[in-house]
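What follows is chain A paired twice: with chain B in the first complex and chain C in the second.
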Partner chain A sequence: MTHNPHDEPPRLHLVRDVLDSALKDRNEEPLGRADRIVIALHGDAPPQVVSIETGSSALAARLSPRLGRAAHRLGRRFGLRRGRPTRFRWSSVTSIGPDLHLDIDKSRSPASLWERWLLRHIIRRIPGMK
Partner chain B sequence: MPRHTFYLDTLLGRKVFDPDGRCAGRIEEIIAHTHDGQCEVEEFLLGTAGLFQRLSIAHVARHLLRLLGAHGHPASHRVPWRELDLQDPRRPRLRCSTASLKKIP
Partner chain C sequence: MNARKFLQVALGIVTSIGGFLEAGSIATSAQAGAGFQFRLIWPIVLGTLLLIFLIEMSGRLAAMSQKPLPAAVRERFGFNFFIVPLIAGCIVDFLVLGSEVGGASYGLQLVTGISFRVWAIPVVFAAWLLLWNGTFGIIEYGVSTLGLITLVFAVAAVKLRPDWLHVAAGVLPTLPQHHAANYWFLVVSILGATVSPFLFNFYSSGAVEDKWTEKQLPENRLTAAIGMSFGGLLSIAVLVCAACVLFPNASQAQTYDQIQQIVVEPLGPAAHYIFGATLFIACLGAMTEVSLDSAYVCAQGFGWNWGENKSPRDTPQFSLLFSFFLISSAIFSLLGVSPLGLTIFSMAFTTLILPLIVLPFLVLMNDEHYIGPHGNGWFTNSVVFFAILLASILALVAIPLEIFGASPS
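Our next item is the complex of A and B:
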């Protein structure tokens, strides 16, 4: 992110600074990567970044539409979110640096559904694990 | 006014043509600014110089190209958001002529 010394709003390069950046929650816990950026057009207003998507189905769709459809089908069959990527509103972004910090609590976020599922169904059943 | 959304990656690498059918370059980077929790697109960078900015090698690449005898990038332009029609993000079109665009040094 480029900071301008003359009180102008900070400029950022969306591909270089945002796309593929690591996402961190308010406790510095990893939430995934910014796999896709959603832009909205609204009348005569400038295009606006409205949200960031993360998840394997989002990344697959970015790499190739065919791969995206396959990942979506797999997600609908086996996924915990029916193949839908996790979407974070831009308004939850608190800072942009090497990582993108979001005002999100990972333990309540859909981004950690798989981790919580693994913890509940597998890790807790391993003897000696809590 | 209905809102139309699309993915940023849909635009990347797309060739941009002006109303006369001249190619102004490919979209390589998108510059935005943030204020009050909102992020608004300011301009689009087209061509090789845009790609160099995206890869953070703009200065090195410029010096290297100068050493090799190249002078500027023939199809590297800055397009203000108002001048780009994004109604079909797969076919972005300029609202002005390529000649009226600012070149990226």
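Our next item is the complex of A and C:
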């Protein structure tokens, strides 16, 4: 977020300050990165940022729509969230810059599903890791 | 500087020296000495200078922004750019890792007489155990201190009593008088072996793990300058040994069996075992660093939990990634691919992708948002920009020439 010295309120540049930033939970645990920003359009009202998404399908869609659809299909078949990216409400953002802090507990968030799956199915099966 | 700081800097320098030589620098320097006597010392000097700049820059970025290079690149340039150096870097890391596994396995072959293909899996398992159970300190200080065994090349070079004036003349670039394509290909490979991106990624990640701040900037400068300079001298020592032993007899340096002669001749037959052990330790250290590098780049770029000081329980994606890279890279040795041939080519490809990694790095080093008041000066910017661009253009020309047989050697 930049601060203008001429009494203007601080400005937020969504692409520079939010997109691709590291997401941290309330205990500084990483939740991924801001892979996509969701903006809602309501008639004549100004566009409104509603949420931030993280996940491979959101990321693939940024490279190309076709890749995004392929990642979504793969996710529906093999993903733990059926291809849906993890979505955090914009209202849960507590601070911006250099990382994006969210009022979220990682252990209860779908953002840690893969981590928990790998831990349960692979890491803990390695001798000495129980 | 107080005693504790002095010790820290000294330890940093010792580990930089011990961790400098690996399959790439040993192979390229030996081939350069065998084929062109002292004429290819200049790319080692140029590469080492560039490496000093880049290592210092990566430590400074980590100290000022608390972010390692891949994380900063993703944030500053976005995912659509980040994916390009990510894929290129992972492919090159995989090839380099295959070279290091081959080198370490070949070292054991020289000592035991058992084929390197048999040693590939035990070597990978040893490195994996080290990474899985070790901490950053064990990898950085333990393995690199063992790497001081590479000083054997310096001892051998001094014992060979080369004409030091002739050696010094090699610091100045010269045009090749014969085998031009091979000469330029070796220049490119030497630069790739010296300016390895895994070195500065590893360094900046270590600095973030050790929670460096602005206070560490003077130590960072000293470690980069002194550690890398002595490391570069070790590469020159390998070249000097090869120039004294292999060049006069027009001997080849196409296998590690041939290269071992560069220490056996000055130090006696028992040095055969020292060479094997040196190759094993130097490559084992590099294996841990390269596999960590691939995992660092992915985990930092995607925002996963990472850190060699953390338990694999806390960093599942990161730990499984370095395990995957490490284990799968044994495929080259298992298939019997020549470790030396793979090494020379993977070093040349490293040079080719350098601009993808170094040019965004330069932009970050001039961005106040990341580096505060400690941005690069015009001199550093110019040296790094032009040298990397030139090296990469050279790689673009020299690699196809070598692959498609323009080289008469």
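Quick notes
One rule holds for everything that comes next: the second predicted complex is superposed on the first by the 121 of 130 C-alpha atoms of A that agree within 3 Å, B and C clash if a C-alpha of one lies under 4 Å from a C-alpha of the other, contacts with A are read in each partner's own complex, and residues count from 1 in each chain.
Definition applied: a residue touches a chain if its C-beta (ideal position, glycine included) is under 8 Å from a C-beta of that chain, and two chains touch if they have at least 3 such contacts.
Note that the structure is predicted; figures quoted are calculated from it, not measured.
Taken together through their common chain A, the two structures put chain B and chain C side by side without a clash.
Looking at the shared chain after the overlay, A:Leu31 reaches chain C, while chain B stays out of its contact range.
When the shared chain is aligned, chain C comes close enough to touch A:Ser21, but chain B does not. When the shared chain is aligned, no partner comes close enough to touch A:Gly68: not chain B, not chain C.
In the superposed model, A:Leu59 makes contact with chain C only, not with chain B.
By the touch criterion defined above, A:Pro46 reaches chain B but does not reach chain C. Applying the stated contact rule after C-alpha superposition, one finds that A:Arg11 touches chain B and leaves chain C untouched.
In the superposed model, A:Pro110 makes contact with neither chain B nor chain C.
Of the two partner chains placed by superposition, A:Gly83 touches none, neither chain B nor chain C. In the superposition on chain A, contact is made by A:Ser91 with chain B only, not with chain C.
Of all C-alpha pairs spanning chain B and chain C in the superposed arrangement, the closest lie 7 Å apart. Where the contact sets of chain A with chain B and with chain C meet, they give residues 15, 19, 62.
Within the complex formed with chain C, the chain A residues making contact are 15, 19-23, 29-33, 35, 54, 59, 62-63, 98, 114-115, 118-119, 122-124, 126, 128-129.
Within the complex, the chain B residues that touch chain A are 1, 3-9, 12, 28-35, 37-42, 53-56, 81-82, 86-87. Here chain A touches chain B in the complex through residues 8-16, 19, 36-43, 45-50, 62, 90-91, 93, 96, going by the rule given at the top. Chain C contributes residues 65-67, 71, 74-75, 78-80, 82-83, 132-133, 301-305, 312-313, 316-317, 319-320 to its touches with chain A in the complex.
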